[in-house]
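Note that the chains take the letters A, B and C in the order they are written out, and that residue 1 is the start of every chain.
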Amino acid sequence: MSTTQRTFQIKAGKKLSRKDIVFSLVPGSGEESVYFGSSDGSVYLADFSAEKIEPVALTGDHRHTSYVTGLARTGKGRLVSGSYDRRLIWWDTETGKSIRVVEAAHGKWIRKVKASPDGKIIASVADDMVCRIWDAETATLLSVWKGHEEMTPHHYPSMLFTCEFSPDGAYLATADKVGLIVLWDVASGKMVKTFEAPIMYTWDPNQRRHSIGGVRSLAFSPDGKMLAVGGMGKVGNIDHLEGKARVSLFHLEKGEVLAEIETGDIKGLVQRLAFHPRGEWLLASGGDNKGFAVLIDPQAGKTLLEEKNPPFHVHDFMLNSAANGFIAAGHNQIAICGIEG
Amino acid sequence: MACLPVSASGENWWDHLGELPAQDEKAEVVIDRLINERLAKKGITPAAKTPPLSGLRRAMLDLCGRIPTVAEADAFLADSNPERWERKIDSLVASPEFGRFLAHELNWLLMDGKSTDFQKYLTAAVEKQVSWDGVFSAVISGRADDGDLKGVDFYLRDRVRDLDQMTNDVSVQFFGVNISCAQCHDHPYVTDWTQETYYGMRAFFTRTFETGGFAAERAYGEQSYKTTKGEERKAAPRFLGGELVAEPERGEPGPEEKKAELAVLEELKKKKESPPPPDYSRRSRLVEAALGEERKLWLARSLVNRTWYRLFGHGLVMPLDQMHGLNEPSHPELLQWLARDLAGHNFDLRRLIRGIVLSQAYQRDSRWNLGERPAPSEFAVANPRPLTPLQYAVALKIGSTRTGHFAPQLSPEEFQKRINGVAQSGAGLARWFARPGENFHVAVDEALLFSNSGEIKGQLLNAGLRDEMEKLPGHGERIALAYRSLLNRDPDAEEVETLQSYLAAREDRPREGIEQMLWAIMAGAEARFNH
Amino acid sequence: MNTDPYFCGSPEHDISRRAFLSHAVAVGSGALLGTTGAVHALDEDSLNAALRGSGKSVILLWLAGGASQLETWDPKPGRLTGGPFGTIPTSIPGVHISELMPKMAKRMHQVSVIRSLSTGDAGHGTGAEMMLRGRKNEAALHYPDMGAILSKELGRADSKVPGYVSFYSQTEGRGSGMTSPAFLGARFAAMELNNGMMPPNISRLGEISEMDHRERSQLRDMLSARFAKNRETETMRSQAAAYARVHGLMSSESLFDIEQEPQWVRDCYGPTLFAQQALMARRMVEAGVPFVRVSRAWWDSHGQNFETHAEMVPELDHVMATLLDDLDQRGMLDSTLVVAFGEFGRTPGINPSLGRDHFANAWSAALFGSGIAKGAVYGKTDEDGNNVIEGKADAGALFATILSAIGIDPDKEYHVGSRPIPLVNPGVYAIDDILA
C-alpha cells in the first residue's frame, strides 16, 4: 500500500510531567533512554522503560546557567550541550560528569548543537549569526562560518535558529529568522547555495512592527536529495503563535521549491522535522499554546495526518529505531508517542 | 473627587415651589411669562427679536440639523401670513428631516453617537412617535424580539461588561443625576444620599450579565458593597434613594439548577439567540419605579432640561447631570411646569420642542448692545452655540451647492431627495470636527484643516456655488449670493465694500478671489455658530 | 565584530560629538539652539521666551502592549520564572538589570527605576487609560491624560509650537492608548502624528500663494470679528485663537522635518522608526514643546516572549541611552523628564508558547532627567517576581511623581462646573525616594 493510502494515527502514551521546559533531546543508552536539556540549565538522563521515570541530572564542575537548547551525541561516550548562556559543555556519558567547557563559545544565545553523522565534528549555531565547527573530541574550534546577516532588513537583531547535517555528512544547512537557509560544504567550509522561505519571517510592519517567526527546523531526506524547512506561515496577530504550521520542501540540487505545505487548522511553529528512515514520510512537530504532530508525504507534498498530539508544545523529538514512534519533549512534559498506520 | 450635595427629603427645591401656571396653558406662553417675570424683577430688558431669516436659520439648524436653502428663505420672507413662524415650525416638526435629526441627537445623548443598530431603533421610534417613557422602558427592558424594537438591546449590550457604567449612564442620561461619587462613600453633608442610594440603583442591574454578546438577566443575585469602614452590606433595589422595591424572596439556585441554566445559555449562544427574560425581572421593576406617578417627573425634568440646553445652549439646571434637589434651577416653576406638561402629554418630545421654539425667549437676537451681557441663565439674549459636526458639515455642503439644485419648483419629494443627498455627503466631512460639549474649544486642528486641507478645497470651494458666482456679472451680485447661500442673510454695506475690494484686487485671478472669499466666510465665526 | 546595530562608534562621529559638546559648553545654550536647525524657522525671541517660560518638558516613551519587567529592569536570574536571559551589573553597585540593556546599565547612575508598580488592571484599554491619567476614568467624569495636563501647565497660550505631540505609528493598541484632553478642551488635545512625522495640514497647498493664504486669513478674521462684536463667547474666542495659531504652526513646519538634524545625530539614534521619533521628541522639546509621547508598539508577547524582547529591548536600550546622552550633552537633562512605561508588565509565569501574559501586579518603570533622583532603585518584588514586597506603588503614585518632578503640585485643582478636580485623587502621593 502506498503511503498516501494509509491511515495514520499518533497517540501519546507514557509521559513524564515536569515543572521546567524541555528544549533538547538525544538518545541515551537504550531504546527508551534519553538525555534532555532543560530550562533549569541542567542536562538530565531519563529511562522511559523504567516503571517510575526518575531523571538524573548530570553533574560535574561545569554547568549551564540558562536554557539548554542544543544536545549532540558524538558516539564516543561523549555528549555536547549548548545553551543560551553561550557555553558549550562536553560530558562523559560513562560517568555522567562534565569534562570540558568552552566559555563564550558564541557571542549570543546558542540555539542548536549537532554532531556530524561520523561523530567527528560538532556544529553550533547562535544568535551571533555564525556557525562554529568544533572538534568533537578535543573541543578545538575548527572553523567559523558566516553567511547570515546580523540584522534583519528592518534593523533588528536577527537569530540563527537551527542547523542540520546531511545524512552523508557532506553538507550542513543553517537557517535564520528572516527565512534564509544556507547550505555549506562541510569539507571546504564554503557556502554552496542558499534557499529562501521569507514567509516564515512573519515581520509585521504596520500593526505591531515586530516578528516572532523564523526557520526553526531543518531535515535532509535519507537519500540526501531533499531539504525540509519548518516554521510558521503568515500570522495575522503576532502576539500569538497563530500562523499555520508550515513546511517547505526544496530540491537540494536544483535549489527549487518542491512543495509548500501548510496545515489546515494546526497552528504554531514547526520546531523539529525528521524523515522516516526510508523516506516514507516526514514528521513535523511543534506547537503554539498546545502541541501538534503532522505527517507529510514528501513525494506528494501533502499532509497525511494533522494531529493535535502530543498535547504540549514540542521543542524536540527523536524517532525510535523502528520508526513507529517517537519521544517528544517540550513544555512541562516528555511523552512517548506511537505512530500507527 | 468632590461631590455636590444631593437630595435629602424636605430640602428639595421642588418641595418649595410657587404656584404653577394652569395645566391647559400653552407652553410658549408659560415660558415667556416666567422668563420675563424674572427679567423684569432684575430690571433686564431682553434683546429684541432676531431678524426673520436669522430665526429661520436657527430653527432649521436646531430642528432639522441644516440651514435653509436660498429658495426656502425667500419663500419664508415672501409669506405675509402673520402666523408664518408658527406655520413654519409646525411644518418643520412634522417633517421627516426633524425625526432623523432628533434620532441623531438622541443617539449622541444615549450612545455617544456610535453607529449601531440602536440608532436605527431610535430613528424608527421617533418616526412612529414613540413617547420618551416608552423609549426608556424599551431600553431598560432590553428586549429586541419585536420588529419595532430591533436594535434597542444595544444600549445594554454596549454596557453589560461594566455594570457601574450601566448604572451611572442610566442615572445621568435619563434622570440627570450623577450618583457615581456615592459609589465609594456616603455624601459628607447630605445623609440621605449614600452608598445605599448608589447601590440601590445598581441593584436593579446587578442581575444583568453578558452571554453570547447579549445582556441577559437572571432571576436571582444580590447587590452587596463595602462601606468605607470595610463593612459588607447588602443593597436592596430602590430608585434614586426612594422607597424599597418590594420583591419576592429568591435564594441562590442549587448547583444542579445552575448547571441546567448554563446548558440552556450555551445552547442559545450556539444559536446566537438572546436568552429569555427571567420570570421576575429587576430591570422591569426599575421601569415601574421610575414611571410611577411622582417619580416620572425625574424623567420628564431631565428631558426638558436637556432639550432646553440643546435649544438655548444653557440648561434651566446646570450642570446637566446635577439635577438633584439642592441644585435649584434658574426657573424652578418653569421646569416643573414643562416637566408636568411633558409627562401629562405622553412624553411627546415634538410637542415640547414646538412649544419652546414658538416662545419669544427662543427667538431673541444674539447681539447685546447694552453694557454687560446678562448671565446665560437669564435667557435675555440668544446664546451663540457652536454647531455640531453634522450641522456644520451639512450647512457648508448645502451652502456651497449651486442654488438651482434646490429650485423652488421641485416637487417636495425631489427636493427632499436632493437635500438628503447633500446631507449624506456632509456626513463624511463631519468626521473631521469635534462634538461640542460644555466649555467647548475649537481645536487648532480644525483651523489647520480649513487652512490647508485639499478636502476643504475639493468639497466646498471647488463646488457649484463658485461656478454660479463666476457666471454673475458683478462682484456685488457674487457677494450677495455667497452671503445668502452660506449665511442666510444679505451682506451689509461695509461687508460689501470690504469684499468688493478683496475681489477687485484679484481681477487677474477671479476664480481664486471667489474661492478665497468663500473660504473666509465658511471658516468664519458666523458660519461656525448657531446664533 | 561590532554587534551594536547602531552606528555610533565611528571616530569621526566622536569628533563631531566632542566638538559639539565643547562648543555647547563654551558658548552656552544659545549655541545649542543654533545647532539644531529646528528653530531657525521660528521666531527666536518668542522661542527663547517659551523656553524661559516654564522651561520644563516631558518625553513619555510609551511601551504599548506591555513590556516585560523581567527582560528589562527587574530580572530574576536563576528562577524558572526568570527566563533565559542573564543579568549584568550596572553603574550602581549591587544593582543588576537584564543583559539586553547594556547601554542603560552603564548609565543607571543617572536613572531611577521603580520596581514595585502594582496597578491592578491588566487590560490593554483600561490599563492604558489609567496609566496615562494616573487613575481610572469615572463613568461620568473622564480625566485629561498626562500630555493634556502638562500641555496646559507647561505650555504657553500663544506658543507657535504644539503643546502636546503624540507619535503612535503602529495600529495595534492605538485605540486603547488614546490621548484625551477631556474637560480641559481641545486647546490641549494632542497633535497626533500617526502616519509619518509631519502633522496633517501644516503645509500650504500649492494652489494658493503665500500672500493670498495670509490675506484670506485676514479677511476671515475681520469678518469674524465683526460678527463676534456684541456676541462673543468663550467658544468663539477659542475659534479665533485656533486660527491665530495657524501661521505660527505652519512656520514651525521645519520642526517636523528630521532632515534638519545633522546626519551624524540621526546616525547616533539609529535607523528604526522608534529611534527617529525619539530624536524628533528631543528636537521638539528643544523648541519648547512641553509634552511628547513616543509610542513603541507592540510588546504584547503572549507568544515567544524571549524572541520578542531579544528583538525589541536592544532598541529600547539604545534609544533611551542615546536620548539620555543627547539631552545631557545639550544641557537639557535638568529641564527634561523622560519616563518609560506602558499599560502593564508581563507575567513571571511562562506559557506554553514561551510567552508571558498581561501582568499588573508587580512591574517596573524607568525615569530620568528633570527632578528625578540619580541612581535610585525603588521598591522590590519577591524572588519569582510574583508580588511586590516593598514600596508598592500604583498608577496615581507614578503620576504624582511625574508631576512633582517637573514642579507641578499634584494637589492643584481644576474645576468642572463647580466640582473641584485635583490633578491626582486625594490620598495619592509622589514617591519621594526617586525625586531629586
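Criterion: a contact is a pair of C-beta atoms (placed from the backbone, for glycine too) under 8 Å apart; a residue touches a chain by one contact, two chains touch by 3 or more.
Quantities reported herein were computed from a predicted structural model and do not represent experimental measurements.
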Among all the other chains, which ones are in touch with both chain A and chain B? C
Which chain has its Cα centroid closest to the overall Cα centroid? C
Centroid spacing, where centroids are CA-atom means, of chain A and chain B in whole angstrom: 64
Chain-centre distance (mean CA atoms) for chain B and chain C, in whole Å, is 38
Cα-centroid distance, chain A relative to chain C, in whole angstrom: 42
Tell me, which residues of chain B touch at least two other chains? none
Which residue numbers or ranges of chain A touch two or more of the other chains? none
Where on chain B does chain C make contact in their complex? 1-4, 162, 164-165, 167-169, 172, 178, 180, 318-319, 321-322, 366-369, 381, 383-384, 386, 434, 436, 438-454, 457, 494-495, 498-499, 502, 506, 512, 516-517, 519-521, 523-526, 528-529, 531
Contacts from chain C onto chain A in the complex sit at residues 1, 3, 5, 65, 77-78, 80, 84-86, 169-172, 270-273, 296-298, 300-304, 307-308, 310-312, 314-315, 350-355
Over in the complex, which chain C residues touch chain B? Could you list them? 138-141, 162, 183, 185-187, 189, 191, 199-205, 207-208, 212-213, 215-217, 219-220, 222-224, 226-231, 233-236, 238-243, 245-246, 249-250, 416-422, 425
So in the complex, which bits of chain A are touching chain C? 19-21, 39-40, 65-67, 84-85, 107-109, 127-128, 150-151, 154-157, 159, 206-212, 214, 238-242, 268, 287-290, 312-313, 330-332
